[in-house]
Structures are given as structure tokens and as C-alpha cells.
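Each of the two complexes below includes subunit A, the first together with subunit B, the second together with subunit C.
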Partner chain A sequence: MREGRHRRLELTRVASLGFTAFAALAFLGMLVLFTVESLPVWRQAGLGYLFGKRWFFRVHEFGILPMVYGTLAVSAVALLVAAPLGVGTAFFTVEVLPRRARLAVKTAVELLAGIPSVIYGLLGVLLLRDFVVRLLAHWDPLSGDTLMTGGLLLAVMILPTVMTLADDALSGVSAAQRTAARALGLTRAETALRVAARQAFPGLASAVLLGLGRALGETIAVFLVIGRQDNQWPKRLLSMEPLASAGQTLTTKLGGSETFISYGDPLHWGAVMGLALVLFAVVGVVSVAGARLALREGGGA
Partner chain B sequence: MRRGIDRAFAAATGICAAAVCALLLGIAGSIVWRGLSVLDWRFVSRLAAGAGASGGVLYEILGTLILVATALLVSAPLATGVALVQAVYLETRPRARRWLFVALYAANSVPSVLLGIAGLIVFSRWLGWGKSWLAGGILLGLMILPTVSVALIERLRSLPRRYLEAASGLGLTRSQVIWSVLLPQSLGGLVSGLLLGLARASGETAPILFAAAVFSGAGLPAGIRDSPVVALPYHIFVLAQDSLDPTVQDHLWGAAAVLLALVFALSLLALPVRLRIHEEAKSA
Partner chain C sequence: MLRAWKLLLIASSILPAATLAAAPPLRVNGSTTINPVVVEASEILRKEHGLVIQVDTQGGSSGGMAALGEGRAEMAMVSRPLIDEDRAHYPKARFEATRIGLDGVALVVSRDVWQGGIRTLTKAQLRGLYEGKVKNWKEIGGPDRRVVFFNKEAGRGTWEVFARWLYGDPKAAPLVNLPEVGSNEEGRSKVTATPGSISQLSAAWADGQHIFAVGIQDGGRTVSPTPAAILDGSYPLTRPLMLVTNGSPQGAAKLLVDLLLSPRGQALVRKNGYEPVTGTAGGRAK
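Presenting the complex of A and B:
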């Protein structure tokens, strides 16, 4: 197997490297593509593009702050629900359940992960919207299409990601550590929370980060329940009111009609591509951070 | 006191797990219950009528199968190549190997709508295609590439060391080792990764939104350029925006049940292999 002994061209090697290069190029190429295509809007608006609160494409005014807010708001709701629920479930399956029952819960979670986002969206439209109207009755929402609806739907969607990765992290803690802790007289809860949770902390953090990455980028389900209202910049940032009204996220804007109609207008097209670039960058940073945390623990790689 | 905390811990986490299971049952149950009343042989064997809002979903099912089959053909060789580079060719370079793994995680988290938009630019703008099934299949294949690669890599890494030692003891070249030992022995990983990826691909809407799918007026594609397909997820996506009409609702539940059956069938096939690999990898 030493190199040099067979210096002839190895087809398998060339093909593998070629395919890998192609895949890398496809994904890195997207970054270049969005950067180049969005240049017109950066030239025209500069940083005002990131911090502007108004988007009116007919008068060539492009500010994405309300959409950034929308993305952050729905993701925050999703994390607040899914992180405790997912990590809690992982604690239960690893620390409390016997092995056989654990596989049953994991199977349920794998199936939950497989449900297509458009079906989540459909359930959101047909079932969750009415529920949210009742839930938020105090804030008097105009309809069931709110940031809260999008956030709750996302919570269910990222739950499997958080749970599976948290489960991996917790079950990666060595059995010897657990046995030692129990032998010292710690209860099951103390072993879980003081020993296992501390050991698995990077893995748990990465589970939450990768869940966040998914929430930030999800399009179809959120699209169907968020109302897609432009320029919704809340008067008070930290109140329930903006959550009870319709909004727009980076992804729902990208999935909407402007991607088609902006085609002939370089500046408008640039503004839409800018959304793609910002989304790519934000999700990229969050996910690489999450992946590095996960792999640090001597797991996969 | 400590006993009490212990019980509270078990109860609190148990409630979380019960909630998760209840969610799955609730979701699957409501779709099956509402879908079954619509679902019959005619629903899956007839063409859509009333501009897609009634009738059957035969072409939508066929379109989805075409997209998924294309994605399979695209991602299988690519993923095999990536996995071989990560697990075999970079053996002597742990840093590069690690980065490739992180890159796969990162690629897996690229929002699928961005793939759709990149597809719009590349296929429609540069190549001048109209909407095309091939564009959709390629985009879906790229989307599931990380899933398939990682499944194969995990399997390759869990192969016993002695297989490799025996192979090199026989004086096989690296290509021979790959083709006669590594790939046959890790076929299960590739297959389960592919099934899982295809389950995901069959339900995805965002990548086919701009470059591949139309709502109505497409049958079986006759060529490559300007040959769009109708597909189940896109069908549901469009109809869901117009869901106040009760007959549309019935049609929607039916289509959702068909899609969910397809997705669950693919992921259940992959499940035994997947759970086993997972457990093995940990005990190794």
C-alpha cells in the first residue's frame, strides 16, 4: 500500500479526489456566487443594507433589519422550547430508560426527523394557527399567521436534531465515570447532572447550536405560517407584541415571489442575493461552531 | 431530600420524552386519520383534475420518484468518492481529515432554499434551461451528499483493522483493497445513508422551488431542458397556501398521507442498519 511502489495512475484515487473537489466547489461556489451576485446592492447601500429598516423595492430602498429580526425571533422561540425538551428527553433516554426502551424512543425521534418540512407547514396551516390565536388571545393577533406560530413550528422541527445530538453526547460519557459516581453514593440525578452533564457539556452545546443552525435556515414550513409581512420592525424589541403579529424572515423572503420578479433589475436581484449571502454566512458560522464542538470530544472524526 | 430530587429528575425528563412521543403520534395520527378518508386506489392512480385541486396525484408521485432516482444517481458516486478521501486517502493527514468532516457537517446545514437559488442561477441563467427535472435531481443529490457520505464514513471507520492488514499482507494495491474489501464490507452504510438521504430528498420543497417543479401541466418529462415535473411536496406547498376551501383540504390531507408513507417507508428501511451502526460505533 506504500505510495511510489505503484506510480501508475490510480483511477479510483483520481475519481475520488475529483468528486470531492467537485462537491467542495459546489458548496464553496455558492458562497462566491451569492457574493458576486449581491455586489450591486452593497455598492449602492453599503452597510445601510444590513441596518436599514425599510424594504421597498419599487423605489430601490433595501434594508434587511426587520427580516434579520424575524429570523432571530422565530429561532429564539424555537430554541426556548426545543432545547429544554430535547435535552430533557436525551437525559431520560440515556440516564433513566433501559436500553430496549431507549431504542423505541430513538426510533420515534428518527421518524419525527424524517417528516418533510412541507408537512409540518401543512399542519401549521391547518392546526397550529388556530391554537396560536387562542394562545395569544391576550395580545389580540390579527390572524394565526404570526412569528410565534413560525417559532413553535420550528421548535417541533429542530427537536429531533437537538435530541439526537444531545443523546450522542450524553451516551459518549464513559460507563466507568458513571459507575464511579454511583459507587461514591451519588444518586442517579446527581450522576447525570454533576458528572455526565459536565463531561458532555460541549456536546450538549453543539446539539443546541446545530439545532439553531437548522432553525435559521428552514424555509418552507415557516413560509406557510408567518404571514410574510414586510417592514415589521417592532416598536419594543422585548415584548410579546411583535411575536403576536405577522412578519418576514430571511428565508421566507427568499422563498417568495421577489426571487422571480427581481430577475431583470440588477439592483433588486442584488438585494435578494444579499439575503442569501447573509443567511449563508450566519448559518455557516453557527454550524461550523457547532460541528467543531461536537468533534472536539473525540467522537466522529 | 436527595431521593426526592432523584425522582423529580426522572419525572421531569420523562415528561419531556413523553411529550416527544406524543408529538410523533399526534402528527402521524392526525395525518393518517384525515388522509385515510380520502385515500383509495383512485387517488394514487388518477391524474390531477381541477387545476390540481382535485382528482388523483399519479403524476405527482411519478415526478417525486423521478427526482429521487436522479438524486440517487448523483449522490451515490459523489458520496463514495468523498467518503474514500476522508476515510482512506487522508489517513496520514489527520488535520485535513478532521476539516473535511467539519466541512461535511457545515454542508449538511446549508439551508436548502439556498441550493434552490443557486440552481436557479446555474441552470436557468447560465445554461438557459427552463425548469427541469434534471436540475432538481442534481440539487437534491447535492443536498443529501453529506448524509450519505457520513453514513459511509462511519461504516468504513468501524471496519476491523485486521481486514486491512490481511489485504495488505496479500500485497493488494490500494485500489484493489478499496474495491474488494472496503466497499463491499461497508455497503450497508452506503445503502442506509442513501435510503435516509432519499427519504429527506423525497419530501424537500425548497431545492425544487425555483429550478424544477411546477404546479400543474407537466406529465412525464420528454427531454432535459424545459421539462419540469410536478412533485408531491411542491403540490402540497402550493395548495396549502389556498387551504380554506374544504375540498382542497381533503385533497391536501390525502397528498400529505401519500408523501408521509413514502418518506416513512424509506426511513424505516434504513432504520435497523442505522441504529446498529450507531450502537456499534460507540462500543468500538
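Presenting the complex of A and C:
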């Protein structure tokens, strides 16, 4: 019996080591692949690839700044909507709802996370486009395909992630802390906001960051409602106008036809792979930041 | 214990490969215009011959040619003539095209534009619309409504036929920034839902109830994309619907091509709104 357990442990170790090594190798492999394949465009455009505002593949002009802007803009809209809503919901489920009801709500929200993104995209086409035209009537959008539409759709999609992770973080605050706070005479609201929120802060932040990671990488749903218009560098960065226009993100460009037709042309293919590399880097930074915050929480900062 | 694990691992890595080798599916990729016809034909072949045919529309006609050239598909659906670039990108491939039908590229407008009086367009007007010089429909005799041009994305057969007709060569088309649409389904839904919109779309998809195909006014004549005008070639944006293989079609690909050229297949072509290729007009073409 003991012998058997020992063996099983050994096997678990070997297997988990193997799978971890596989994941690490896949990560490195992708990084190397994207870098090597995108070399032609770096050689041709240099840093102009990152900061150029014109993308016309027929004349081999590749500048991705408008797409980086599009990605950041839709993610910002998504976060501004989903972070308060998700974290607020988590406060409600943890601090107000009885345990049973909390689990029921949490399960329902987690089910939402399992809906395929193309379904969200089609719902966006059906329900969100007209809504956004009315919402942004003041800025008079040409059609319902705007960065705002993409951002709002993403907000709905990342809400379950933010909510359920924030819920975990808040419910992880030890009961002793709460009891002590109540014993010191703090009200329930004060306990929640001053004690639990502070204790759970790294967890809440990592919930938001992991939601952001999902927003950055989402493709097909945004693809269907963003309009896919190239070279939409805003005249004024901090205005609503660009949000009321069609645009393009790193992922919607990758999801479009250029990925399929660029094979025969090393430079064009390099430019497409460069998009993947940049996206990879951005998502990587956000995910690492999220994971580090979560670790800090685990370490009991 | 460990040995059993190893066996399982080895078996699981070999089994899928073995089953794939037994019945390789025919992979078809390309134009969303041809897609419904080929999907229906594949269904018939699945029922009658047990053939597995995967039909995909990633990247449209040029996406299909790329997949065929790269060996990611055995057949491409192409809704435009073959161009030099196809051969230049894949010099080793021996592309062989079979025409299975004819279609027109229509310029479609939304209901408000149609009812506002835009029934025909000239080449000059279309250039103005495409290049963003005409910003409001009233400038060319239509309703007071801003123009929204949904451009078919690069690589779509529809776009290439349009650009070749309007500018002589897709490469000569001016560089524009327009919101883009991909599949015919997407183009249809966006033009239907957006007031003041225009797009290029397969003529068979313009239903005349939600979206409307305008006539083309060229050299004093006005031609609408009617079946008769597409069949006799008087509609200027007429295009072939083709199945392309690398070398002559073999096996499952040949069955599919033969079915589509048979009266039964041609009926499918007609049922989907496209014009059949009759007698010697159809068949193989290099």
C-alpha cells in the first residue's frame, strides 16, 4: 500500500514536470516563431512598424499604432464597465448574500464565462449595434460598428471572470479578521470596505488584470461588431469621437482575411506575425502582473 | 503501472493518426459565394458515398487559393478569374479550374438609399463613393444621408472583380480606409441594418426587399444584374464560379466536380441563385 502510494507520487511528479516543461517549451517556441517569422518586417520598417500610423499591405506599408490604440481603447471601455460592476457584485455576494445564495449566483455567473465568444459576437450584432447608435447619438456614428460597441461587448464577456475571481479574493479574507473588526465596533459596511477590501486588494486587482488579459486577447466577438476599419488614428486622443467610429484591434486584424492571404509574401506575413508578437507581449505583461499580484496575496502581504 | 501509462500514451498518439490515414477528408476552402452550393453537394456525397468533405471559407477566394497552394486544402472555391499572382505565389502548383456556374457582383444599397431614388450608378459615381469624395447621397441625386461604404475585405473574389472592373487592375485601386466586411452573410446583414450604406455583394444575395442591387450605367446603357444579363455577359461585373484543384481532380475531388457539372449539381447552382454553365460553356478551363 505504502509502496503503491510512493509510486503514484513519483508518477505525478514526473507527469507534472513533463506537462510544465511542455507548456514552457510551447511558450518559448511561440515566442521564437513569432520573432523569427516577423523579422522581415522589422528589417523593412524598424520601429516604424510599432509607431507607424498607416497600414496598406498592397504597397507594403506596415504601421500598427492605430491597431494598438484600438486594442487599448476597447479594453479600457471594457474595464471601466466591468471592473466596478464585477468587483461590486463580488462585494454583494460575499458580504451580503447567505452562503447558499452566493454559491448559486457564482455558479450562474461562471456559466456565463463558458459561452463561446462567437455567440456573444452574434448577440452583439443583434442587440448592441442599435443600442450603441442611440447611446452615441450625440457623436452621430456612421453605423453601429464602433470601438464602443466592441468595448461594451467585451465588458459583458469579462464580467464573469472579474466577478468570480474578486469573489474568491474577498471570501478568502479570514473570518477572524472580520470578527475582530466587528468586535471593535465597526459596522458591516465598514468591515467590508476597510478591512476585507484592504486585505483582499491584491486579489481584487489581479481579478481585474486577468479580466483585462481576456479582453486583450478576445477576437471573434469584437471582430463582428468593430467595423474593421484600418488606420483610424484619432485626431484627438481623449475624446469620445474615436470611440464612436469603426476601428481595428490587433486581434481583429489577425482574425481577418489578411492572415490567410499573406502566406506567399514574406514581408506581409512578417507584418502579420509581428501583430501576433506584439499581442503576445502585451497579454504577457498583463498576465504576469496579474499573477504576481495574486502571488502577493497568497504570501500574505 | 508505468508501463501501462506508456502504452496508453503511445496508443493515444498513434490512434488518431491511423484513423485519419484510413479516410482522409477532402478539404475545401474559399469563397463564401460558392460555399452554399458545395455544402449541399457535399451533403449528397456524404449520404450516397460516405465521403467526408470539410468546407471552409477562411479568407475568401484568395484565402482558398493560398490554402490550396500551401497544401492545407485539396480544393479551392474561387469566385473570380485566376490571376497571375496565384501562379506567382505558388510556382510549383499546377492549378486546374473547373467552372461550375456564373454570378454577378452587384452594388447593393440599403432600403433608404434605394427608395431615395438611387437606382443606377455610373463608374464615376462609384469611384467617388469608393474614394470617399461623395460623402452624402444627395450629391448624386439621392436622399440626404451620409454614405457608409462597407468594403469587401482584401482577398475576396467579390472585391477583386469590383476593383478590376472599376480601376482596370486591383493593384491600381486607390488605397482607402473603409469599414470592411468579409462573408456574404456579413455584408448582407450590415447593409440591411445600416441606413445610407452600400457594398459589393454577390448578385444572388440581393433580395430586392431588404437590400437592393443598383443598375450599372456604362456608355449610355444601364444594365442590372439580372440572370439574363449575367448569362449573356452584358452585365459588366460577371464572374465565373470555379472549383480549383492542384492537378486534375482525383478521387473525392473528382466526384464533387462531376456531381456539380451534372444536371443535379447544376440544379443546385441555380437553386442558390447563380447561373448554370450549360453545354460547352462549362467544364474545364486552365
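Keep this in mind: the second predicted complex is superposed on the first by the 278 of 301 C-alpha atoms of A that agree within 3 Å, B and C clash if a C-alpha of one lies under 4 Å from a C-alpha of the other, contacts with A are read in each partner's own complex, and residues count from 1 in each chain.
In this section, a contact is a pair of C-beta atoms (placed from the backbone, for glycine too) under 8 Å apart; a residue touches a chain by one contact, two chains touch by 3 or more.
Note that this is a predicted model, so its numbers are computed, not measured.
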Looking at the superposed three-chain arrangement on subunit A, would you call subunit B and subunit C a clash or a fit? clash
A:125 contacts which: subunit B (first), subunit C (second), both, neither? both
Where does A:288 make contact in the superposed view: on subunit B (first), on subunit C (second), on both, or on neither? first
Looking at subunit A, does subunit B or subunit C touch a larger number of its residues? B
Just subunit B (first), just subunit C (second), both, or neither: which does A:276 touch? first
Touching A:144, do we find subunit B (first), subunit C (second), both, or neither? second
Look at A:178 in the shared chain and tell me whether it touches subunit B only, subunit C only, both, or neither; answer first, second, both or neither. neither
Which superposed partner A:268 touches (first subunit B, second subunit C, both, neither): neither
Touching A:115, do we find subunit B (first), subunit C (second), both, or neither? first
Touching A:11, do we find subunit B (first), subunit C (second), both, or neither? both
Which superposed partner A:251 touches (first subunit B, second subunit C, both, neither): first
Have a look at 127-135, 181-189, 217-225 or 235-243 and say which bit of subunit C overlaps subunit B after the superposition. 181-189
Enumerate the residues of subunit A that count as touching subunit B in its complex and touching subunit C in the other. 11, 125, 224, 259-260
Note which residues of subunit A are touching subunit C in the complex, please. 7-8, 11, 56-59, 125, 129-130, 142-145, 224, 227-232, 246, 256-261, 263-265
Contacts from subunit B onto subunit A in the complex sit at residues 2-3, 5-6, 8-10, 12-17, 19-21, 23-24, 27-28, 30-31, 77-78, 80-82, 84-85, 89, 97-98, 100-103, 105-115, 117-118, 120-122, 142, 145, 150, 154, 168, 172-175, 177-179, 196, 199-200, 202-206, 209-210, 233-234, 236-237, 240-241, 243, 249, 252, 256, 259-260, 263-264, 266-268, 271, 274-275, 282
Touching residues on subunit C, where the partner in the complex is subunit A: 1-2, 5, 58-60, 62-63, 66-67, 69-70, 85, 88-90, 146, 148, 153-156, 171, 175, 177-182, 186, 189-190, 193-194, 196-197
Can you list the subunit A residues touching subunit B in their complex? 1, 6, 10-13, 15-20, 22-24, 26-27, 29-30, 33-34, 37, 84-86, 88-89, 91-93, 95-97, 103, 105-112, 114-119, 121-123, 125-127, 156, 159, 163, 171-172, 187-190, 192-193, 210, 213-214, 216-220, 224, 251, 254-255, 259-260, 273, 276, 279-280, 283-284, 286-288, 290-292, 294-295, 300-301
